[in-house]
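Each of the next two complexes has chain A plus one more chain, namely chain B in the first and chain C in the second.
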Partner chain A sequence: MAGLPLAALIGLLLVFPLASFLLVAFWPGLFGQGSGGFSLGAFRQALTGYAVQALGDSLVTGVATGALAVATGLFLSWLTQRTTFAARRAIDVLVWLLLLAPSYLLAIGWQMLLQRGGLLWQSGLDIGWLRDAFFGPVGVIVVLATKHFSFAYLAIAPSWRGIGGELEDAARVHGMGTRRRAALISRLLLPALVAGFAVVFAESIGDFGVAATLGATANFPLATYAIYQALYSNPLNFPLAAASSWLLIALTAVAVLLQARVNARAERYAVLTGRNRMARRVRLEGGTRVLAWVGVSVLAMVSLGVPVLATVATSFTKVLGNGLGAANLTLANYDEVLHAHSMITPFLYSGGLAVAAGTIAVVLSLALASLLGRKGGLARAIDLLLLGTMAMPGLVLAAGYIFAYNQSFAPLYGTSFLLGMAYVGGALPSISRVLLGPVTQVNRNLHEAARVHSVGGLGRLRHVTIPLLVLPLLYAWLLAASGIMFELPASELLYPPGQQPLAVALIWHVQNFDFGLSTALEVSAVFVVTGAVLLVRGLVLGLTPKGWRLAEAPSAGG
Partner chain B sequence: MKLRVTFFMSILVLGLANAMAAKPLVVYSAQGYDQAVVDAFQKATGIPTKLADLSTGPLVAKVEAEKQNPQWDIAWFDGAEAMRSLADQGMLLTGWEPNVQWNGLGKAVVPADGAYVPVDVTFAGIIVVNTKVIAADQVPTSWADLLNPRYKGLIGMNNPAISGPTYPLVAGLMKSEGGETSGKAFFQKLKANGLHTYDTNGVTLKALYNGAIGIAIVQSSAGIGATIKKEPVKLVYPDPVSLLPGDIGISAKADPEVQAEAKRFVEYVLSPAGQKVMLQGDAGGDSNYYPVIAGMSANAPVTALQGISYQQVDPTVWGPKEGEVNTWFTNNVVH
Partner chain C sequence: MKSITIEAAVKRFGTVQALAGIDLHVKAGEFVVLLGPSGSGKTTLLRVLAGLERLDGGRLVVDDVVVDDPGQAVFVPAEKRKLGMVFQEYALWPHLDVLSNVGLALRQNRVSRWRERALAVLESVGLSEQVDRYPHQLSGGQQQRVALARALAGRPDILLFDEPLSNLDAKLREELRLEIAGLVEQHGTTAVYITHDQEEAFFLAARLGVMHRGRLLQYDRPENVYLRPATPFVADFTGASGRLRGEVRGDVLQVGATELRLDRPAASQGAVEVNVRPDAVALRGAAVDGGPAATGLEATVVHCAFSVGRYHYWLRLSTGERLEAYAPERFEEGLRVSIELVPDKLMLFASEGSDHHALDRGVDDVPGRVG
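For the complex of A and B:
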């Protein structure tokens, strides 16, 4: 049915451009850059000196970040799914805001707080050991974990629902102690935990924002940064960048295989019947309640509060070198934003592309998510493709698009259409991942019942999938569209000359060393996009029947 | 199935539309004033001109990735080494020089083979001091001063492997220290004195403003921008600083008539009208350059040339060493 066109589209959006780039690792002369035929020289280079150290650092970072993020996601999902914790909605909001926030912003916020001369220093609270620890592996891992635990949370939360209340009751009736019950539940949650680990692992080894800010200044080289160097600095070394990308994919493959193994073993414990009774929520009392509040508050502060405050503070500062203080506050940067007419055209251009590409990305991701939810070789292969794409910095895919589509047989390079394709391709891995939980939760029985009543494919989509998934789909769309609004690497490399996307226009001011104005522009752009997001959400909620809203945000799917 | 057919149809239609549209002059540029110049050129000549503005690194990567089928006609960025590398690959039109009167700076940076055209000059690295961190009587005055333990952990510069315009600074320092070996020893000592390396001028400057460091080695135009923004800084021009030309290259593969338009673009940029736009287009940053045309003068905030001792770094000598030096720098200084 839908399999063939979907495969063709994935081929055009991901496989063809990625393969074009990755083949350069073996044939340096493939697109005319280098010379000579087949060679493994690039791999030899990628496995020596700086490049191999960066790869090792990335591996360590990915594993540590994955573990930390899964622990955080497990704790938070327990709070929202199994307890009466009052701020459950707030956790969902935090998870979504973090998905939207660019990682470099999170890293920069921390730098501004902790560095010599930073906010703590200025208020006389300089903590030397904390600073030293943060500007190194620890800081990189903490920032990446706070950025990416959202994915772990989204992977784990639906599974709590799969473990129905009957099971816990049965365990209690049979006199199992707390510890054995916990062991049983964690065993049942294991596939979700591993899935969460795999996606955080791939996201963090592919992250460029933190690698470029914290990793680079802390002398802790990461693989994405090494790839950036090979691609963007003279003399360029495309084969080295391609070989390093292969090694990142190999690391991701290990995570995918681990996941497959765990899933195969977990089949024995399969309890997902779709007919589970909700478990009773634990009443949080006394010490546990205090602990939960403190934990969530600290997490919100650490992950989002500090970076946002630091950024907003910069946008209101007159002279950066004069530090914080009433005399150094100004609205001038925002006044300039109001007169920045040059930003309007890029904003509208990116907005149009974000709506179009975001919509296509969500449609394709929905199809991919239902494919990923199945078993078998094809699902595994697509999983590896998507996680592998995630593990590569965005500029690799963008460079691949140049190789693949700057050809006489596919002269798409330099068109808005191709930029839109790159946006769709870049959004697929994370958006399909976000939809995976809710899609697998949609009761299969409903589909079968619909089939029995001879409701066709489109009918099932209209009467089953869309009504049940309207909110997850909406959130996924908002996530895709707002991500595209601020996407930089593909925008920079692929935009048609003369038609600046928003991110390119924004970066111009950063490169102009106008930090006050550039942060004010960023804050305003985020403000406008958030307003649009709320507006769309309100419209959808107002215009769809109430009964469609069974599924909340993807976290609470089903 | 339908979806697929529609998709391929749209590829076909877009491809055709792409091929049939009149070809404008395409400029890839990393300069802050590029949009202003492109707009003014189009207005003055009526030649339709489209700009892709991107940082030097992505710009060169884009040009290299397009090698088989170049979409650009003009490439414009700081640093002769990357231009030289494009020229060595046969990607630049050679043997053409605009008919202009160079001043001393201009003559120093014009390439012998006419493979690209310098249109301005800045200094690859000067010393910018945060006067709130370093007291006025403790400001360093020479490159050697930076090794003084009193500045331990307070100095920052860009990584030449990331920031294109930083390699000429590193090469220049190596040259003035007496060669690559003694230059490397100098950077080792700087590292022992707690040197911080950041990505680009912007990041280094921000660290300086915030007081994370007290001394930044950045491009002169960035340092002058800091004084314009009234940041508490003092600029030092140690002996010697290295010339960093802003160069324009014309694609060797462009059609002859497009190349003729590109030459008109270069001539416009070097004309009094074009220079005026360049001097105003990015007042806080790239506009703070030294002109290369006789009789033109720099913006008022730009430090007078008199008393500054500068040197030219020969791209034909130091260009081929860039890969090796940058790798060494990354492996030995950055980490």
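For the complex of A and C:
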């Protein structure tokens, strides 16, 4: 049985690190780093002063971000699902780009634009109130909301489909007016809205990228950054970091439980099952159409356009603050990125780790997905565990590796191996879920059909399993590897001395005011990674038979 | 073609008893249909035959070879059983074109001239024009034809059908079941077909089994199942949906105030349940107060529908019991009519039988793959 070795691996990669770290909150002396037996002192500290302020900031940020993101997601999903809005595809592209974009890169882009001496400043357009607002709660919330509304969008969009068509026709036919129908629809959308809110809330309070960049610069401490400080800056306080992590997890749990409750109630209506014709799309005309275009354009600019343009502009600037004239334009930053050893090394280092850890993560996720597709207690336990880890801030898991593997029996702390392990552990929960659908489909029907028609094990592998899973595996791998390439929390906590991963190098240059270099490195890295992704995808698609690309087409009508 | 023998088959999923001791023998070359509501265990039985589920108890023998016997730790996996199977949701491989879907198993088993053979089967299901299409380019009916061709192509010992027509519309269903009957007959293969549709079951079966709650209630020629159902459930599920309470003394059956003389003394005496098919009810016209019909049974017309050249009636007795009947002339809804029962077409069951409580289909639907 393959279940037990997998369970053991999950134990090593997820359970042991998390437990080691989180237990320090109760037993400060557990690993010899502190002293004393069982104590709740760390929680007392976590509920006072800076720590509780950071937690409060995170809570406020999470709620505000969730509300903003849900409103945005609702608006966009209405446009794409229920209207004839012409740029529906563009909205989907925007959503996916934002899903892939690391939050710290968006934050840095805004920083380049608005900071004292930034792009606006040098063009003589410095707007004091905007800068003050941005370098504070408002900026943090806006950047997190623009990064995360994609989650809300993806949660809400399918339920427009579910409640369309006949349900709305039924309401019309039975004489309900516009207001009653709107009330009915919002009632039916509620579970999706709450789900979107819960996901965005959890992602926002667990985010480290914005907390470590904008939050830190703006003196608006967030919980993840406070945890990082307790682990890394004097005075070191591991029990406090662990206790704060517990509180952060508790906040996440509240959101997740709220969502589960609303979902359980909604399932009793069971209105989202069965066939349903698509609803008629509303024709957008006149003012509404203009409003929709303006709204979407502003959103695209604020979420992606502005940070990207600001980043690119900065990368071509000699000295930020010396104006936008031709004299201040340069390619020197790129020249240095391409030639300086110190710039290429982080890129290659992260690239190597991304390929290795991404590959391992995909192989393990494939095994996990086949296990999860089966019934049984072990599968259910692992499933719950993976879901739990997915809701957990990446920083907390990464912190776990410090404690678990800085032991005499496992002296891995400070090695690239451990960093790679953390990348694998961090990627497993989401990547195994990405693969669950395709693997289950293949395992069930299509495998059974091959078996009853006397296609043996090797034949099934060659003609059914591999053809149907190659593309899902490719996409999972690209997702895992490109995610690891720009991963921040584990990189920041676990990188070996003298070997900066890409994300650490990018932030380090920003903190050293090498804005041109940092942004040039970032633009180059994004460029190269995107190119590599397209190249690999193109190669695989070009080399595989036509039928393999149909793998995700529906297998049955009816 | 091979025979199939199932002895005391038991299968559990957690607390659900999907097969509760099934004995069944399928002769070589016979077309057997297993009929039952969802949750009756028919899907499980088919998957056991396919080797996709393993028995918890009992054994399964194909010809003289034991293929599944947990007691002896014998289990022959699906791919070694030489089967063909048509799935409810077709389960065509989406990445292979029609020819490859049909030919894959042949190629894998090194059948010489596999292409000719696959093409010949595809022609027999009327798909020779579509060989290079992919499944998503075909209609539901065409997809199921490909699945049928795939199942036939390997010249299997046994053909299995898992409600293959339930995703298709009525017209196509009729068309395809005729084709299935013809093709299976032509290939002479032993076939086991499961369905919840009684019309389909009677159409196809050389021998018909009725399943309920993991048990095989009756297994016989279709006409015997129809005329002499073993339990009220079988009667009801095969169309005898009218049910009356009655009492038997000797050869006299009393229903309400009416006494009917039976051809022969009934096996069960005392309180009985009477299952009635529409053709056991004769509609005598409007009831007349105090008239000769007053000694007979009276019912109210609940609904009248014109159906295949005659009228189909849904009737309610004053006791609330319901019957169906056919008649050549129309009676309006709400009219009180006088009816007579045809004694030799009535099906009598002793009242204490527990089976008839299970008629409320749907209540015993169990989740999971027990259908």
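Rule of thumb we're sticking to: the second predicted complex is superposed on the first by the 356 of 558 C-alpha atoms of A that agree within 3 Å, B and C clash if a C-alpha of one lies under 4 Å from a C-alpha of the other, contacts with A are read in each partner's own complex, and residues count from 1 in each chain.
By our rule, a contact is a pair of C-beta atoms (placed from the backbone, for glycine too) under 8 Å apart; a residue touches a chain by one contact, two chains touch by 3 or more.
Quantities reported herein were computed from a predicted structural model and do not represent experimental measurements.
Asks: Once the two complexes are aligned on chain A, which partner has more residues of chain A within touching range, chain B or chain C?
Replies: It is B that touches the greater number of chain A residues.
Asks: Check the residue A:459 against both partner chains and state whether it touches chain B (first), chain C (second), both, or neither.
Replies: Once the two structures are laid over each other on A, A:459 reaches chain C alone.
Asks: Taking the superposition as given, does A:60 touch the first partner, chain B, the second, chain C, both, or neither?
Replies: Neither partner.
Asks: With both complexes overlaid on chain A, does A:399 touch chain B (first), chain C (second), both or neither?
Replies: Only chain B is touched by A:399; chain C is not.
Asks: Figure out whether A:498 sits in contact with chain B (first) or chain C (second), or with both, or with neither.
Replies: first
Asks: Name the contact category of A:513: first (chain B only), second (chain C only), both, or neither.
Replies: After superposing on A, A:513 lies in contact with chain B but is clear of chain C.
Asks: If you lay the two complexes on top of each other, which residues of chain A touch chain B in one and chain C in the other?
Replies: On chain A, no residue contacts both chain B in one structure and chain C in the other.
Asks: What does chain A use to touch chain C in their complex?
Replies: For chain A paired with chain C, touching residues are 445-446, 448-457, 459, 463-464, 467-468, 545, 547-558.
Asks: Help me check something: in the complex, which residues belonging to chain B touch chain A?
Replies: Checking each residue of chain B against chain A gives 1, 3-4, 7, 10-11, 14-15, 18-19, 24, 26-28, 32, 35, 50-55, 57-58, 60-62, 64-69, 71, 79, 81-82, 85, 130, 132-133, 153, 159-162, 164, 167, 196-203, 205-213, 222, 225-226, 229-233, 282, 284-286, 322-323, 326-327, 330-331, 334-335.
Asks: Looking at the complex, which residues from chain C come into contact with chain A?
Replies: Contacts found on chain C: 50-52, 77-85, 87, 89-97, 100, 104-105, 108-109, 134-136, 138-140, 143, 150-151, 154, 160, 167-168.
Asks: Once bound in the complex, which stretches of chain A touch chain B?
Replies: Against chain B, the touching part of chain A is residues 4-5, 8-9, 12, 31-33, 49-50, 53, 111-112, 115-118, 121, 212-213, 216-217, 219-221, 228-229, 231-238, 319-323, 342, 395, 399, 402-403, 406-408, 410-415, 417, 489, 492-493, 495-498, 500, 504, 507-508, 510-515.
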